[in-house]
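Each in structure tokens, the structures are laid out below.
Both complexes shown next keep chain A, but they swap its partner, so chain B is in the first and chain C is in the second.
Here is the complex of A and B:
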């Protein structure tokens, strides 16, 4: 009798945590998203305004700008991270002391606090005494005196760079794990038949890595959609609003302008985007697993 | 000839990759030991000093209290999240309970909810309860991010443990709880350790919650970095010293779990 209920009892503590720390706040902000609530004027929520907050968002240029910024950021950082991680994993799966060393230090950028990464890149790209700004200027005279973080496109580029630097190692670990599970026979047979390296990679390895690459791309998309830390410490959303991601914009609306209703609505728009991707992701995982066990 | 070229090329490439990975970290470490005037020059020829570390630990920066906050918040979060997650992970891994798929799906999905959504209601709630700027507030919110992740990771490790010895013990009359305590948990220990450290790193580096929910008393290290941005400009040498303090403990832990980490990651993510 006791044993029959045990599986449920084991789930209870974790479930209480998830319920209290995620489900409840989600419901709370969902309700708030239909209210007017200016925290500077009122301690308590004001009246319900229906979907006004959402309608307002659809026409507000700063929100639309942050959506666009997030879109550009997600596309570039996901594409770069996935391609680099795959290439790095193909290089690092071989044996050798330098390979091992690189594999070991690979964990360091991933373990570094993203806020700190933002700070340190800001320092390195400082036009006056930044080591990268000066170093690049010395090697490529065309880049001398470039105001890196004061230029909208370059600032976005550096933001992407910090994110790629941070996430590529993690994704490389995933690729290495995937590569290790591919049987080597086909590859060796092809090599004996005289196939070139390029053909082996594109014809044999990558097709078998399809599942891992998909998982990586979706995971990275979800992480990139949340981009916040480096925006604060690297660019502050600037210059202008050129690097103002959705998460950063919501933070501004909620905690600089204290418009709780609007911030909640925006947060729910972001949640909806992420939920859509997550559901698709979990579905995909389940079907991949079915394929693997079949 | 072609082979040596390829070999040299590969070595050059690996060197380049290592430089790209290590340079930003190395530069921060160097800057942390520079005097202010050297920090603003690019020279590698400088007289190293520990003054920056002395400065950040004294008034008005008081990095010591931030270190305390970070240590307490991360440790308590791990101590709450990991045992709860381990039990849930075992249940998910071994039993086919009703609604299991839905529950697991629910927990997996919450992992993808943006932190900024969760923090809004918590900010309002803690404000009402007068709990803003406390460590407890940060611990509660961090649990939201960490718990689903750890369930997922530990489940991957428990899945990999064969069930034979559990079944044998049960036939001998051991209760399920006993089996969990005496057989499964010891076997899953390396995985649980890895997950704990991973969870510690996540909490230690957490920025958004701490930025919003702390002002003065509960400020953690990553948020403390922002305070080195003053009217006099950014104090890079002090930021770097603080950066070293954030980074060193985490690097030691990360290198410690490096081997298990690769396996845990792939087990968790692909399965």
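Here is the complex of A and C:
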């Protein structure tokens, strides 16, 4: 009897740690999202307000703006990263003399902290002394004196750029792994059958990469949804609120305006979006498996 | 239809010499088999013809034209890969249809042609399946169908039957032979199975460590193997190769005494095929020893006898029976051939 219970007793410490570090904060924030809690007025959560926080979000323009900003950011950064990574992997997959070197170079951007990336791009696009701002101005005179980060569209573009720059190398590695698992003969057979290079890429290689591309797109989407670091260090959400992503907005609500109830509700909305995408992804992946094995 | 000429071709992978410098001419309409053990460079040779592998030096000519720098698609070839190389995201029908589609054939003719080909390799019931839903043998037939759906100038087949079960292999062998007869397309066929080579080939090129050691008709290769390697490789059960010495016109070793037409010499290997020996009651027979094993194959019994280091196998009557370890004697049949090789170099002496 004791012997049978022993394993469960041994699990208790681990369970307590998980409870304390994960489940408790999650549950606490979930409950908080149904309460009013202005940190400037009270150190403890105030009364329950039902789903008022959520209802408020649905009509609040700043939240809707951040949702839209996040949407634009996710779409562009995911699409660019995946396409670029795939293209790079196709160029890099052959073993050339630069094989090892390119791979070392590739890993560098991913090893950098996103916050630091934001800072360095901010300097590089400084209209007065920024390397990139001046360099671009020198090459294309039309771009001289462009206030890069002061323009809503350009600021968003640069934000996307930093993210693509950060993530593309890692995704390239994923693509290289996927490409290596495609049987060489399928490509060679197509070559003999008379397919052009372009046709081989789109008709033979990419269809076999479907699973890998799906994994990449979903991973990248989830990370992009949480975009925060570069917003803080590069644009500060500006100009105006043009680069205010959902994660950044939640941070502002919670830690600038100290509206913890509303911030919790917003955080759970973000979580719900990510869960929805994850579930959709798992279903896609399962049907992919079925297609491949059934 | 086309003649293929490999002129002084050589292939190195880095420092590793996979195929040393050599030439080979494949005649128009011929069924040439590259035969050799695994890793001897058969696939490499074929891939060079296909244009999938650069040649380190030398020239490849098809129909008299040097095609070293032509991409695979312009060589008018079709290839069956050792591990199929099917398109996993396409159905069987789409796989077979793909070469036609790429060459711009219209939809209606494509459909007819696919059906016709599928029937030929008995795939017509599986057209809507994907390769992952097929057995190894079925996949191989799809690969074959994809190659024969078009009529190219040259077929390249890399062990196309190696994954089939024994029965299907024999059927498909006949099918391939008939197909070659019907289409008359120059075919280069790679195999490590000497039986396949013998039955299919117009000519066989036996390869060893990248080098073609003998190139001849199956009959000639069987009757007159160029060296010890070929002698041991061709024929099933393989030729008896007996170490001994020749003195006074007689080849001698434990239990064997055979008159041969060769001067005195040590380190000689006598080769004689099991099917050219028969069992005798004559105790003075050329070969004698103790019965070591009896193996019934159905149409005959393989009789192995031993005497010291000497081991000799003969193909006897299916009804032959005797006790293991009992004395046993063999004589060469009338017209049997003795093959004599040099032990050290492996070269044929007579």
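Descriptive notes on the structure:
Definition applied: the second predicted complex is superposed on the first by the 259 of 294 C-alpha atoms of A that agree within 3 Å, B and C clash if a C-alpha of one lies under 4 Å from a C-alpha of the other, contacts with A are read in each partner's own complex, and residues count from 1 in each chain.
The criterion applied here is as follows: a residue touches a chain if its C-beta (ideal position, glycine included) is under 8 Å from a C-beta of that chain, and two chains touch if they have at least 3 such contacts.
Being a predicted model, the structure only gives us computed values, none of them experimental.
Of the two partner chains placed by the overlay, only chain C lies in contact with A:195; chain B stays clear of it.
Touch criterion met: A:186 reaches chain C, while chain B stays clear of it. Contact with chain B, but none with chain C, is seen for A:102 once the two complexes are overlaid on the shared chain. In the superposition on chain A, A:174 makes contact with chain B only, while chain C stays out of contact range.
Of the two partners chain B and chain C, more residues of chain A are touched by B. Once the two complexes are laid over each other on the shared chain, residue contacts for A:263 go to chain B alone; chain C is not touched. Applying the stated contact rule after C-alpha superposition, one finds that A:23 touches chain B and leaves chain C untouched. Contact with chain C, but none with chain B, is seen for A:204 once the two complexes are overlaid on the shared chain. In the superposition on chain A, no chain A position is in contact with chain B in one complex as well as with chain C in the other.
On chain B, the positions that touch chain A within their shared complex are 10-11, 13-15, 17-18, 20-22, 24-25, 27-28, 31, 39-42, 80-81, 83-85, 87-88, 90-92, 94-95, 97, 103, 105-118, 120-125, 140-141, 143-144, 147-148, 151, 175-177, 201, 204-205, 207-208, 211-212, 221-223, 225-226, 234, 236, 239-240, 243, 246-247, 250-251, 253-255, 258, 261-263, 265-267, 269-271. Of all residues in chain A, only 3, 6-8, 10-11, 13-15, 17-18, 20-26, 28-29, 32, 88, 91, 98-99, 101-102, 104-117, 119-124, 128-129, 131, 134-135, 165, 169-170, 173-174, 176-178, 180-181, 211-212, 215, 219, 222, 225-226, 228-229, 232-233, 247, 250-251, 254-255, 260, 263-264, 267-268, 270-271, 274-275, 277-279, 281-282, 289 touch chain B in the complex they form. Only residues 50, 52, 71-73, 77-79, 81, 83-89, 98-99, 102-103, 130, 132-133, 146 of chain C touch chain A when the two sit together in their complex. Residues 183, 185-186, 188-195, 199, 204, 207-208, 210, 291-294 of chain A are the ones touching chain C in the complex.
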